[in-house]
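For reference, the structures are reproduced in the following blocks.
First chain A sits with chain B, and in the next complex the same chain sits with chain C.
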Partner chain A sequence: MSPLQLFIEYSIVGIAAGGIYALIALGIIVIFKASHTFNFAMGEMMMLSAYFFYAASVTFALGPALGLIVAMIGSIIVALIIERVAIRPMLGRPFIAVVMVTFGIGSILRGIVGMVWGPNEVQIPSILSRSPIFLGDIFVPGKTARGFAIAVILVVALIAYLRFSRAGVALRAAAESATTAYSMGINVRNVVAFAWVIAAITGCISGVLMANINTLTPHLGLVALNVLSVVILGGLSSISGVLVAGLIIGWLEAITGLYLPTEFREITPYVLVLIVLLVRPTGLFGAKEVERI
Partner chain B sequence: MLDIEDIQLSFGGVKALSGVTVNAETGMITSVIGPNGAGKTSLFNVISGFYRPQKGRVTLAGEDISSLKPHQRAYRGMARTFQNIALFHGMTVADNIKLGAHTHLKSGILSAGLRLPSTRNEEANLDKEADEIIDLLELDKVRNDQVEDLAYGLQKRVEMARALIMRPKILLLDEPVAGMNREEKSEMSRFVLRVKNDLNTTVLLIEHDMSMVMGISDAIVVLSFGQPIASGTPDEVRNNPDVIKAYLGSVDETTQNAA
Partner chain C sequence: MLEIKNLEVVYQGVIQALADISLSVPEGKIVTLLGANGAGKTTTLKAISNFLPLEHGRVTQGSITIGGKNMIKAPPHEIVRRGVFHVREGRHVFSALTVEENLVAATFAHRGKRSRKDAYEEVYSYFPILSQRRNQHAGYLSGGEQQMLAIGRALVADPDLILLDEPSLGLAPLIVADIFEIIARINREKKVSMLLVEQNAVIALKYASYGYVLENGRTVLEGTTEDLSANEDIQKYYLGVDTEAA
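Here is the complex of A and B:
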């Protein structure tokens, strides 16, 4: 195989992984926009969703399709409970306090999953076909390609929805200023709950895709730490920035893996983030936060 | 239209407002003035529902709205502008204004997404309303400009337009001319008067710029240290010795300090 072919193949695989990163990042950003809360439990939410899918489709033998629906409903309910019980009472508290709460929620979810399903990997039914796709001579793993397609379709659909729907308008208003939004008749609390529902949906799909491509263990959520770089690179306030940033980070990780020892995979995204932040402190697409005094 | 009765508000032991009563008559401009720290902003937050007073009632068009949340009050026909400009950046003037009508659209999230005929109809109406308000406030030249590119005075006017597109029963203006130069101030006064005359909107103005308030108000309430010290027409208030004292400090005090 020629070096060029190898480069292209790795690039495609990387970009494909980036599609799922973008999906996870979207869940983080929607919550950040609605309530200026950084949700570090996002990874655990997706991991839990994947276990829900496992329980519904295998343990209760509902099959993949119905299993996915049940997992989705379960994820939404959990997200709403988290929002209501742990996040809403923290509104108005210092940013760092709320962030620590989301960290705690992440640990709790990981612990609960470990108790219920054990620490070892479980096999979930495949929802993605394994048959590879060939672009000319270039081989693309089937699951990765299909996972990418699903993730990107969902990301684009959600971006469009948040751009043009009234719920999206309400979200943007709340992001700009909760006070203004209230005065315009927008119930900001409902907007925040809505954001958690969106995060539950992206978390559920990305969790099931991720568990399909890799394996499902209670540590699946750790992938969300890679997504941190996506969120920052895209600029926290930019919903559409996540897609580009996700693809860039995914690609960069894969390319690093091709030319450098594996340890560097973890580092390079953050090196890129560091460089970008030095040049553009608001990320690639983030808006400048201007405060008039 | 809007009646604020006997409001008492304190934070811990500090009394921010006590015994404040303001009646904004239908179709009139009523102003609340007072020196810095008089409780104007606290009163504003009580009216719009961000603060819950310990005592007192807020009534809008005969309905007691004291226990309603801010967004519910907005639904009932209360619109406001902000001391600090709170426009949506990255959007045009026209879009910002139309956003103000967001909650008054009937079509739900789903039908808006599906672009049903009823939704399109509603949006056409909204465009018409927006055009009217834009004409009224003379924003047509900048309607497609990004809001953040506009001069300060213009941004304030866009904010007022956004509040007006809800066709509110009452328009609350929180220090609309703060930080403006004289020219911008007189322009703003002209537009507030126009809103009253052409749209017949009841206006409650909170402001500490005396010249603006005196020029356009039908009735004035003066606050000092959280208490009403005078009320009446601009002329009555202007000549009230308590008001002069509150604004300029007592003459004796000044001379004593000088000596």
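Here is the complex of A and C:
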């Protein structure tokens, strides 16, 4: 295989992974916008969703389609419980305290999954066809390509929904000022719960996709740590920035893996983030404060 | 419409901001609240719209009834939905949202039967300049346009009572005159009651029919705006008329 072909194939696989990163990042950003909380449990929410999918489709033999629906409902219920029990009482507390709580929730979820399903890999039914796709001479693994397509369609649909719907306006209004949002009759608590529901949806789909492309273990959620760089690169407050940022980080990781020892895959995204932040402290697409002087 | 009796408000458990406020706003009238900086005007409005808990404030005495119902316990978004819209001091438009999205945000308080589109069109008919700017970020509007948008959001909600906190703040006299003409039209045409807080006593006394003067968290003087305008203390301290020389 020529170096150019190799470069292109790695790029495609990387960008495809980036589509899923964008989906995960979107869940994190929506919660951040609604409540200025950074949800470090996002990865574990994904992982738990994938196990829900496993339990529904395999253990209860509901099959993949119904299994996905059940997993989605379960994920949403868990997200609403987390919001209600652990996050809402923390409203108005220091940022770092709330972040620690989400860390704790992540550990608890990982612990529970470990207890219920054990530490080893479980086999989930494939929802993505394995048959490869050829772009000219270029070989794209089938699962990767289809996973990417699903992720990107969902990301674009959610971005459009948050841009044009009233719920999206309420979310962005609450992001700018909770007090003013209240004065418009917006129930900000419901907006926060709504954000957790969106995160549950993106987490569920990305978790099941990830488990399909890689394997399902209680450590699936660690991928969310790579997504941290996506969130910061896109700009924490930018909903539409996640897509581009996700693709860039996914690509960068893959290309790093091609030319450098694998350990560097963890490093290069953050080097890029550092450089971008030095030039643009709000990230690539983060809002410049719109303000008239 | 609105009835406040012997209201006392304390911030953070110790700072008494209101000591004894009593006032009422009759159906369809504009009532003004005058007073020096720190007298407690904004706090009175926050007590009505129940924003106090968000600032660690609390009503410790007295009652607030709106349309005969005690409102002290209702959360702020509920109070808006029951028809009391607070246009806060400093306008507080959502700067990252467009003009129209700001109006959309106010539809969560919308109670009437008319469609949202009709509500926006009504705002644009009162404030044509907003129509031209509807897709611009509100943060880029001029101060006067932001005040128009803040009032426009109230219109979308179609309230029975609007609490207006210093709509003239930081605006040029010509703009202030324009805005007050429109406020008067809204009051007349839509039969909305208004409780108007103003530093600019000249204009407040011109447009309101009744007024109260606050000092250190107490209502110390009240009367029709004609009587208040003729009052010597008011002339001296609020209207800047030199009564000694006269």
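The rule is simple: the second predicted complex is superposed on the first by the 287 of 293 C-alpha atoms of A that agree within 3 Å, B and C clash if a C-alpha of one lies under 4 Å from a C-alpha of the other, contacts with A are read in each partner's own complex, and residues count from 1 in each chain.
To be clear about the criterion, a residue touches a chain if its C-beta (ideal position, glycine included) is under 8 Å from a C-beta of that chain, and two chains touch if they have at least 3 such contacts.
This is a predicted model, so every value here is computed, not measured.
Contacts of A:Arg172 after superposition: both chain B and chain C are touched. Look at A:Asn187: by the touch rule set out above, it reaches both chain B and chain C. In the superposed pair of complexes, A:Tyr161 makes contact with chain B only, with no contact to chain C.
Contact with neither chain B nor chain C is seen for A:Ser107 once the two complexes are overlaid on the shared chain.
On chain A, the surface patch touched by chain B in one complex and by chain C in the other comprises residues 166, 169-170, 172-173, 176-177, 179-188, 287, 290, 292. Partner chain A is touched in their complex by these residues of chain B: 48-50, 69-72, 74-75, 79-80, 82, 84-86, 88-90, 99-100, 102-105, 108-109, 112-113, 148, 162, 166. Taken in their complex, chain A has these residues touching chain C: 166, 169-170, 172-173, 175-188, 287, 289-292. Of all residues in chain A, those touching chain B in their complex are 161, 164-167, 169-170, 172-173, 176-177, 179-188, 287, 290, 292. Interface residues of chain C, counted against chain A in their complex, comprise 49, 51, 54, 75-77, 80-81, 85-86, 88, 92, 94-97, 101, 104-110, 137-143, 153, 157.
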